[in-house]
Amino acid sequence: MVENNVLKVEDLHVSYGPIRALRGVSIEVQEGEIVVLIGANGAGKTTLVESILGITHAQSGRVLFMGREITHAKTEHIVASGISLIPEGRGILPLMTVMENLQLGAHHVKGDANENLGLIYKCFPVLRDRTKQMAGTLSGGEQQMLSIARGLMSKPKLMMLDEPSLGLAPTIMRELFKTIVELNKTGYTILLSEQNARQALQCAHRGYVFETGEVVLSGAAQELANNKRVLQAYLGGVI
Amino acid sequence: MEIFIAQLINAIALGSVYALLVTGFNLLVVVGGIFPFAYSHIVVLSMYMCWFAMKVTGDNLLAGILAGVFAGTGFSFITEPIFRPLAKRGAVLGSFIVAMAMSLIITEIMSQKLNMGIVISFPQSLQGEEALIRFGAATITAGQIGTVVGSIGAGFGFFFLLYRTKQGRAFRAMGQSPFSARLLGIPIVKTRIYAYIIAGLLGGISAVFLAMALGTASSSLGDNLALKVMAVAMFAGVGNLGGGLVAALILGLSEGMVLAYLPGDWSQAIAFGMIMVVVMIRPKGLFGTMA
Amino acid sequence: MSLGLYYYFQLTAIFIMLGWTLYWVYRIGQLNNAPIAIMAIGAYLSAYAVLKWGWPFGLAMPFAVICGAAFALIPALSLGRAPAFAMVIATIALIFIMQTVFRNLPWFGGSIGLFGIPKIKSLLWITYGVLVFFGILIFRFDHSRLGRAADVIFEDRDVAGTLGINIYLFSVCLQVMTGVMGTVAGVLYAFTIRTVIPVYFGFPFLLAITTFIFVGGYTTMWGVIVFTPILWGIPIILPESVAVYKNFIYGILLMGTLLLRSEGVIDRRFLHRLHMNTGIMVKRLFRGLKKSET
C-alpha cells in the first residue's frame, strides 16, 4: 500500500516519572487531512503533541514523519524537517515585535524567509498593520493569529495546533476554525488537539478520542460527532 | 579643576568597562540561564594572560590584547559544559554555588601559581605613554580614550548583534522563553554555547581595558569586580541589558569620584550600598528584570 | 588533652554550628551567608569587651549575642522578601563590607587584629553544650509543623502562601536565629584561637562552610554533622604541600557534588533507606531476643 502518511505514531508510551501519560497510543495523519484529537484536560493530547516534537521523551513506541523515524530525534531537527507546533497558550514572545516573532518562525529556513510573508498577510491582514507592535500588546485573538502565522513561516509539512481556541471569544473562535479549514484547503496538513469538540469535529476529516492516555475511539469526524459516547461526554448530551 | 576633569575621565573609562562586564554577565544570565558569579574572575584571569603575553613578547601591545581577548573567550567557552546540567534543570542557585566554587579555584590559582601571588602591573605601553590631551595639570591618556571608544564600539556591536541579527533574535527568544525557543527549532545547546563565547569575548575585551584603566591586577581583584558587577546587575534589574549600562556608568562615576577621597577598600562599600538600596526599595531592580 | 585535639574538637563544633546556620535558612530555599559576617561581630565585640573593658567572658558572650542579633535583624527585614539571588548577593557583599569595616576601624587593630585573648576554662564543655542545644532546636524544628511548613516553602512558595504560611516572617525569624548562632560561633571562635583577624571571616571561609553543607547533604541536619569533621579534619592530617590546596579541593568537591549528586552525600533517599534498614535491624534484634528467652 502506498503510504501517504505524513505522520504515523505507533504504540507510544510516555511517562512522567510514575505517571503514565500515554499508554500505547497509535494515530496517523494523511497528507491534506485535518485530524483532530479530542478529550478532556489531562487526557494526554498535549503530551502526544510534545512527544512528536521531541520535547518529551518516549519510553517506547515509534514516531514516523514522512516515512522517517523521528522518535528520539532532537527537537531542532524535527522542526527543521517540517513540523510546526502552535502550542497551548500561543507561545509567542511578548517582548518582541510581531515581525520578529514571524521571523523567528522561519529561523531554521535556509533560503529567503520572507517568501511566505505575502500569503500570510493575505490570511491575516491584521498582522500587516502591526508589524512593529510588541506582540504582548495584541489581543488574544490576534496573538493566536500571530502564533499560527509564525508556524506557517517555514511552510511546514505538518502543522500541529494545541488547544488554539483556549481563551478566545466565540466569534473569534469561529474565525479561527474557518482559518484552519482555509489553510487546509491551500494544502496544509493539520493535526488539531481541542477541548472544543463540537467545532473541531465539524471542520476535521478524522478524529481520535483520548481518555487517560489512551485512544478510546477513532474514525471519521462525522461518525464521531454522532457517536453516543462522544455526544454524552463532550458534546453536551444526546439530543 | 583640571584634576577633577581627569578624575572624571577616569571614572567614565571605568564605568564603560563595567558596562561591558555587566552586558556579558547579563547575557549569561538571560541566555545561559545561570548565575555567572565567576565571570569577573575569568576576566581577571584573562588580564593575567594579557600581562604574561606582554612579558614574554617584550611588551608587545598587540600580543597582550590578543592574549586577553582569546583567553576570555576560551575560558568562558570551557565553563559551558560545567554549567550545562544546571542550566537544563533551571537550578539557578545551584549554578551560583558552583560559580562560587569556581571563582575560589580561580582566585587560588592566581594567588598561588601566577606570579607567585604578587600583584602584577601592566607596562606603560598599554596605557598609552603619550598623553593625548593635556590641559593644566591634567592629562588624558590614549588608553583612557581607547577604553571609552572601544567600550562604546563593543557595546554597539553587541546591541547590533542582539537586535538586528538572526542569532540575536534567537538569544532574546531563549531569554524570554526557552520552551518557545525550542518549539521554533532554535538549537538550545548550541545557542547557549554561542552566548558563552560572546560573553567571553566581551570579557576578554574588558580585561584589556581594565588593564589599561587600573594598571595593576591581583588575585583579590576577581572578588572585588564580581561584587561590583553583581551590584550593577541587581541595581538595574538582572537581565536588563539597557538598564545595566546606565547603572554601570553610575557605579563607575561614583566609584571614580569616591576613590579620589577614600582608600580603595571603601569603593566596595558603594557597590554594597547600591545593593542594599535596591534590595530594600525595589528588589527587582530599578528598571525591572527582563523575563 | 593535646592542643591539636582540643582545636580539632572545638573548631569542628564551631563549623558544624555554622553549617547549620546555612542549612536552616536554606530549608526555605534561601541562601543566606550573613552568619559568616555576623560571626565577625561576635568575635570582635566579645574579644574587645574582654581585652579592653576587662569584662568577664560570662558578660561578654551575651553582650556580643545581643549585638549580633540586633545586627542580624536589620538586613533580615528587607531581605526577607527579596528574591533568592538578591539575598545571596547582598549577604556576600555583607561579608566583604564587614571585613572592610573591621579592617579599617581604629579600635580593632586593623589587619593585625586583636590578640592575646585569655583562655577560658571548660570552653570545650560550653561549646559542646551550645552545640547540643542548637542541635536539639533544629531537630525539634525539623520534626514539627514549622519544619513541614519549611518543606512546603522550599517546594513551592505560592502554594505555601495559599496555605497561610507567612514566608516573610518565617524568613526574618530564621535569619535572626541563625544570626544569633553565627554570633555565638564567632565568640567561641575568638576564644578558641585567641586571636581575631579580619582575614578569617572572608570568602574562602564561606566556601568551606558551603562545601560542608552541600557535600554533606542540605536536606538534613545530619549531613553537616558527618561531613564537617571529615572535610575539615583531613586537610589537617595531610602534609603541608597538599594541604595548601585545601580551598582548591573544597571547590572541586563542591562543584562535583552539585553536578553529580545534587542533594549531597546524605540525601533523602539515603536517609529513607537508613531508616528502613535500621527498622528492619531493630525488629530482627527483638525477634532474636525473644527467641533466646523462650
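Going in written order, the chains are labelled A, B and C, and every chain counts its residues from 1.
In this section, a contact is a pair of C-beta atoms (placed from the backbone, for glycine too) under 8 Å apart; a residue touches a chain by one contact, two chains touch by 3 or more.
Just so we're clear, the structure is a prediction, and the values are computed from it rather than from any experiment.
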item: Shared interface partners, meaning chains that touch chain A and chain C; value: B
item: Chain pair bearing the highest count of C-beta contacts; value: B-C
item: Farthest chain (mean CA position) relative to chain A; value: C
item: Chain A-chain C separation of Cα centroids, rounded to whole Å; value: 53
item: Whole-Å separation of chain centres (CA-atom averages), chain A against chain B; value: 44
item: Chain centre separation (chain B, chain C; CA means) in Å; value: 32
item: Contacts with 2+ other chains: residues of chain A; value: none
item: In the complex, chain B residues that touch chain C; value: 35, 82, 85-86, 91-94, 96-98, 100-102, 104-105, 107-109, 112, 223, 227, 230-231, 234, 238, 263, 265-266, 268-269, 271-272, 275-276, 278-280, 283-284
item: In the complex with chain B, residue positions of chain C that touch it; value: 29, 31, 75, 78-79, 81-86, 88-90, 92-94, 96-97, 100, 103-104, 203-204, 206-207, 210-211, 214, 244-245, 247-248, 250-252, 254-255, 258-259, 262
item: Contact footprint of chain A on chain B as seen in their complex; value: 166, 169-170, 172-173, 176-177, 179-180, 182-188, 290-291
item: In the complex with chain B, residue positions of chain A that touch it; value: 53, 55, 74-76, 78-80, 85, 87, 91-96, 100, 103-105, 107-108, 150, 154
